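Each of the next two complexes has subunit A plus one other chain: subunit B in the first, subunit C in the second.
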Partner chain A sequence: MAFEIEGKTYETDEEGYLANLSDWSPEVADFMAKEDDCDLTDNHWEVINFLREYYEEYQIAPAVRVLTKAIGKRLGKEKGNSKYLYELFPYGPAKQACKYAGLPKPTGCV
Partner chain B sequence: MAKEQFETPKFRDIPIVPAIDPGAMAHSKPFIAKPEHQEPLGFPGELVENWKEKAIDKMGELLGKYRSLQVFLDACVKCGACTDKCHYYIGTADPKNMPVARQDLLRKVYRRYFTLPGKYFPKLVGAVDLTEEVLEDWYRYYHQCSECRRCSVYCPYGIDTAEITMAGREILDHVGIGQKYSNEIIAKVHKIGNNLGLPEPALADTLEGLEEEVKEDTDVDVKYPLDQEGAEVLLVTPSADFFAEPHVDGLIGYGKVFHQAGISWTLSSYASEAANFGIFIGNYENMQKVAMRIRQAALDLGVKRIVVGECGHAWRVAYSFWNTLIGPFDFLDPNYPVPQHICEFTYDLLQKGALRLDKEANDDKVVTFHDSCNVSRASRMGPMPGGQFIIPREVIKAACNRYVDMAPETIHENTFCCGGGGGLLTDDLMELRVKGALPRMEALKQVIDEDGVTHMAAICAICKSQFTKVLPYYGMGMDMIVSLHQLVGEAVVLGAEH
Partner chain C sequence: MGNGAKKFMYVNRRAPYGTIYALEGLEVVLIGAAFDQDVSMAFVDDGVFQLKKGQDTGESNMKNFSPTYHALGDYEVTKLYVDRESLGERGLSQDDLMELTYEDEDDDYKEKPSIRIVDRKELMKLMEEQDVILNF
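So, the complex of A and B:
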């Protein structure tokens, strides 16, 4: 599968996750979110940016508690929980946010 | 995120057998594995040219290797006892999801090529040629069985549908059409050591974070050690315990139990996975290779005991197969069971008075327990018959004041699969997962309405993830599902005497 933004083609897997991590740009995230009728706010971007930073260091998306802790630090303690993350990403923070961040989908029993 | 094109089944007023709806799930099939998921497992990357010949050869090989398979293919008398026992048939009404009919997809080909009447008078005995259409049906319907073996409990001949599904998947893998979800995961275990592909530095960072979290919550230094040589216990647990909710709260609970009991323990970055998807695809070599990491880690770390965390099929592999698969375990302490389940471990401490639980910590909950299929029907726990049913319940009751069982025909060996077991816990099978959860959701709804149940505990990573996802489809909250050791973790009195 693939999609196109301003003449450039982006390869994806069957579920729309980017095939090549290096293809990612903020425009890609915006495009993917629009497809899901989701508008990316600053708080969405905090999550997406953290995911990308973490992935760069560890080659994997962060575990849910690592993510909630980091978001709690960045956005305030009351937002450092998965309930808030589900409000931002109703399809599940691990899967939906990873997709917009250009990371592969987490695999396993999750 | 694809919009869903199916309706969540309605709760039935009286749970009668649904009228058949032929072809209702003929569209359901998971993504096919790519060459990079197939080849590391020793399977051809894509459909081979002589697939028909290879499939028949493989079937012959499996019939020779597993006598049980031939018995199961020969023994069925079409009595129909299994037809309404499958959660996928109940939820989808597709007649090919009646266990007997799903088995027949393989059986009719077996008859054609391996029995005398089938070779000469195929029509008389319901034997058919292996065609592309049949192969496609195998792919679709052998991925609509979670290998939960509920039907086998009711079969008067004890035919194990799961083994037939496993044989079907094994043949498919060998002709080059594997399932992406399972095979991608197995390849990650071979390469990195766990289903998630969580490398050692990320695991270490995650565990460090948990230590800080527990310290903040309790003011006690509970450790979550990694690769600690000379520890007494090696804990192997599903990698979902590191990654997801509510799994991680179970892991936090295990750590509190070890801490309070004063028993040294460690996780391993090499064997950072208890799950073993090799069993799901029916492939002995991959199952062995995945399990071997655990033996190796136990030897390298010099532990005396191996304890298995909350994972259903991991416990089946460990309890039923480890001994011949990766044994002998003569290097472990013979005074303890090999392997030991974390519930058994906690139960043992409770019996000895080595662990004190404050039930009031869970007074905000009314708890029920979901028996996981592989624990219930394929293993045991502790020294007594039925220990796999008794021990988890006794541990919950030691941690909670209010406990209620679901209807008897839906628990213990009659338990219904969560709907996501056996390698089907993937988003490309969401319709199947939601529909297959129907009978468990009905039983849960009943205890919510009649007994005020607020939480359902489970001891399987797949069950926990599946329920988190499907509960909202049935109008219930995703946080109803909890880890059993989450309840224990809440109730452990830390800092008291050992």
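So, the complex of A and C:
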């Protein structure tokens, strides 16, 4: 599968995750979010940027449990809970946010 | 750990690259960590190379997944047993291994080392205590 932004083609897997990590740009995240009828706010970007940093450091996308805990530690308790994260990313915080962040599907997600 | 948690040990025996075992084994550990069991990992034979510091896969065109071992603490996998004899036989010591730590929730989130070097006898005893042993 693939999509196009301003003449550039982006390859994805069958679930819409970016095939090449290095293709990512903020425009890619915006485009993917629009497809899901989701407008990215600063709160979304906090999580997306966090995921990209986590991947950079550990070479994996964290499981949702790990993400929730780490977000709480980094951004404060009121954000480190599944209610907050599911409100931002109703399709599942790890899955949906990782997709927008250009990461592969989290290890252990089915 | 709740009642009924089983003791799982993942035994890693192979070098990190060249076969897919080490990477697949690590992924199984990360996935399995979601199930709230009592998880440990053992590194024996060439498996000790998986924890070697300063891995560089640049020329082999393989993904260097060694940074992922640093995430194990986040997944509450905090017991990494390394066989002392296997290290010695390969001219390695603890100083050659990555420094892996976890935060102990029960002790004010203090950072503690995850790697424990054990003798073969201790490892045997640990293996005997397990409910499930998976080899990679």
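By definition in this document, the second predicted complex is superposed on the first by the 102 of 110 C-alpha atoms of A that agree within 3 Å, B and C clash if a C-alpha of one lies under 4 Å from a C-alpha of the other, contacts with A are read in each partner's own complex, and residues count from 1 in each chain.
The rule is short, and it goes like this: a contact is a pair of C-beta atoms (placed from the backbone, for glycine too) under 8 Å apart; a residue touches a chain by one contact, two chains touch by 3 or more.
The structure presented is a predicted model; accordingly, all values stated were derived computationally and were not measured.
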* **Partner chain in contact with A:63 - subunit B first, subunit C second, else both or neither** => both
* **Touched partner set for A:15, first subunit B, second subunit C, both or neither** => first
* Thinking of the overlay built on chain A, is A:2 touched by subunit B (first), by subunit C (second), by both, or by neither? -> neither
* **Comparing the two partners subunit B and subunit C, which touches a greater set of residues in subunit A** => B
* **Overlapping contact positions on subunit A, where the subunit C interface meets the subunit B interface** => 57-60, 62-63, 65-66, 69, 107-108
* Residues on subunit A engaged by subunit C in the complex (per definition of touch) -> 57-60, 62-63, 65-66, 69-70, 107-108
* Structure fact -> Counting only contacts in the complex, subunit C reaches subunit A at residues 27, 30-31, 33-34, 63-65, 67-68, 70-71, 74-75
* Asked: Which residues of subunit B touch subunit A in the complex?
  -> 1-2, 31, 180-181, 184-185, 188, 194-199, 201-202, 205-206, 209-210, 213, 238-240, 242-245, 247-248, 275, 311, 425, 427-428, 461-462, 464-465, 469
* Within their complex, state which residues of subunit A touch subunit B. => 14-16, 36, 57-60, 62-66, 69, 82, 91-92, 94-96, 99, 106-110
